[in-house]
Amino acid sequence: MSKLAEFRQFREKMNERILAADNLEIRRFFALDSRVYENGALDTRTKELLGLVASMVLRCDDCITYHVVRCMEEGITDAEMFEAFSVGLVVGGSIVIPHLRRAVATVDELRAENPGT
Amino acid sequence: MSKLAEFRQFREKMNERILAADNLEIRRFFALDSRVYENGALDTRTKELLGLVASMVLRCDDCITYHVVRCMEEGITDAEMFEAFSVGLVVGGSIVIPHLRRAVATVDELRAENPGT
Amino acid sequence: MSKLAEFRQFREKMNERILAADNLEIRRFFALDSRVYENGALDTRTKELLGLVASMVLRCDDCITYHVVRCMEEGITDAEMFEAFSVGLVVGGSIVIPHLRRAVATVDELRAENPGT
Amino acid sequence: MSKLAEFRQFREKMNERILAADNLEIRRFFALDSRVYENGALDTRTKELLGLVASMVLRCDDCITYHVVRCMEEGITDAEMFEAFSVGLVVGGSIVIPHLRRAVATVDELRAENPGT
Amino acid sequence: MSKLAEFRQFREKMNERILAADNLEIRRFFALDSRVYENGALDTRTKELLGLVASMVLRCDDCITYHVVRCMEEGITDAEMFEAFSVGLVVGGSIVIPHLRRAVATVDELRAENPGT
Amino acid sequence: MSKLAEFRQFREKMNERILAADNLEIRRFFALDSRVYENGALDTRTKELLGLVASMVLRCDDCITYHVVRCMEEGITDAEMFEAFSVGLVVGGSIVIPHLRRAVATVDELRAENPGT
């Protein structure tokens, strides 16, 4: 199984497990975490880019993978994605580079999965 | 002098001081830090929002102030700004709240300076 | 006005300002940020200590001040507070020390305000 | 070998290796890192929860695993653990979620190992 | 009183206050925090540069001020200091710039205090 | 393949991929990230130690691996390396320990590869 497939499977399974637990605050946080990327004054496309760059500078691989997937679903081009990466890199510094490498590998894996995009 | 005026004055004075020093790498970094927000595949407006949210989750008040100023110069509305803040808040957590308070105070100070915006 | 009084005034004023803005996600986040410290399986006293140590290792002075105030309202003794600080210091390292200094100054200011505590 | 078993084995082996090296400061730091969780004004149970939430907001999987194990040895219930997680999640934001997923998986793995707990 | 004088006075006063408190772990940490910069396989000069760059990338102004002072006591030249700054800037990214501005202001204030250095 | 070999292979492949992409800012950042460690007022040896400790306190395993490799190429001894680690540990706190374990494992793997060093 590819790393991406593993990530998706584990993410789905554990989200279900966590939301089934009897903790209202965590469930509310998860709901809020979805709503915040919905169309509003800013569109989902822009918000997903915001989520992507925030994830890069905070250096969270799973979060980056999630937002890369979502950005591509929203039709972000490679040129746009790399410019978002460049902002993350300059703001966050060279410490971001290992995450950038994995982010680009994810972009490539997703383009290979969906040759038409 | 307001906090915002103090920030501007100190920023300008020290940037001059730093760029006058004999260190090529620092000068190149500063140049790169300007270029990365220029129009490209993504427009400056979007990139300034990316810089703003990255600064919020990394919790740097001066960086937030700088990008709030730039966002308003780019015509970002209050509704758009608050949605960018909401993404930063959900990604970064309650630890971001003190910076959100100061960011909103900066927005209000800038609107008061330029009533037409 | 003392730093503590300034913090309280600015905090109250800006919370009002932010909650009055037309952004539902931010309001929901603020509500969640209150609920999460309420009595449950863990009592408020323990949760405020958790909030305090989390704020220390993330090095947010305003958050530390807020939780120090709340811990003292919950009857946390100085000996307990310093042990919480010691966990924060060992987990977070010497980079936490400047925040520890300000946290202890806040404890002392609060004890001076309320000699009976 | 499960991830948890791998973590334990590597942790034990490398701690031995590091403490055998001729560096007094590192040995002292390791000693301090044990002492700080011992019973005092706050009990070990509370201190382990502090260590757990500090590890969550700083997003260190190994540290979270270690403190989850210790919390369960101290008799922390699932309801208490999830409330500690909820504080970590609200303080640290959505960037904490991937670590929360792995933390809950560790809780489940440990409960499966020790059905009586 | 200059910011630097204020920093020194507050630092000294609070260190005394903290070390007088009845908490052995905190005292041991403070002792370790001194020892770690003493001459050994690496000399104090190099270790102070390590402390400075670590403080920059973690973005702690008080820590940066402390290590800038110590570096200048160890005879670090401006050219060396700026190269250390350049490493911190590239590793940590543009988020470091506000701290770099304040670090350079501290260097200038110290050179003005001690024209011979 | 060892973890170290995997790291090297992935790093080389992805750097090539990233530098081949049509994004000037990212290429410039990568160039700057090389130059900043070159001999100047500070020598490469010292700068690599700075990069190592910065990577430790920011807790980036790939960055630590890279700088450990470079430090050993520059002839840094184990005693010097452990003192650099001790500074990183005291500045960054116990949250650094899992990265310290992996860093020491990398040192041991490299010494085994090159018994003469």
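In order of appearance the chains are A, B, C, D, E and F, and numbering begins at 1 in each one.
In the analysis below, a contact is a pair of C-beta atoms (placed from the backbone, for glycine too) under 8 Å apart; a residue touches a chain by one contact, two chains touch by 3 or more.
In this text the structure is predicted, and so the values were computed from the model without any measurement.
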{"item": "Intersection of the contact lists for chain A and chain D", "value": "B, C, E, F"}
{"item": "Per Cα centroids, the chain farthest from chain A", "value": "E"}
{"item": "Interface residue identity across copies chain B, chain F - same or different by half", "value": "same"}
{"item": "Approximate Å spacing (C-alpha centroids) for the pair chain A, chain F", "value": "27"}
{"item": "Whole-Å separation of chain centres (CA-atom averages), chain D against chain E", "value": "31"}
{"item": "Euclidean distance of C-alpha centroids - chain E vs chain F, Å", "value": "23"}
{"item": "Residues of chain F engaged with two or more neighbouring chains", "value": "25, 29, 32-33, 36, 54-55, 57-58, 63, 79, 82-83, 86, 89-92, 94-95"}
{"item": "Chain contact topology (line, ring, star, complete or other)", "value": "complete"}
{"item": "Touching residues (chain side chain B, partner chain D) in the complex", "value": "57, 89-96"}
{"item": "Parts of chain F lying in touch with chain A, wherever the complex brings them together", "value": "10-11, 14-15, 17-18, 21-23, 25-26, 29-30, 33, 54-55, 58, 60-63"}
{"item": "In the complex with chain C, residue positions of chain A that touch it", "value": "24-25, 28-29, 32, 35-36"}
{"item": "Of chain C, residues touching chain D in the complex", "value": "32-33, 36-37, 40-42, 46-47, 49-51, 53-58, 63, 77, 79-80, 82-84, 86-88, 90-92"}
{"item": "For the chain E and chain B complex, residues of the former touching the latter", "value": "59, 78-79, 82-83, 85-86, 89-90, 94-95, 97-98, 100-102, 104-105, 108"}
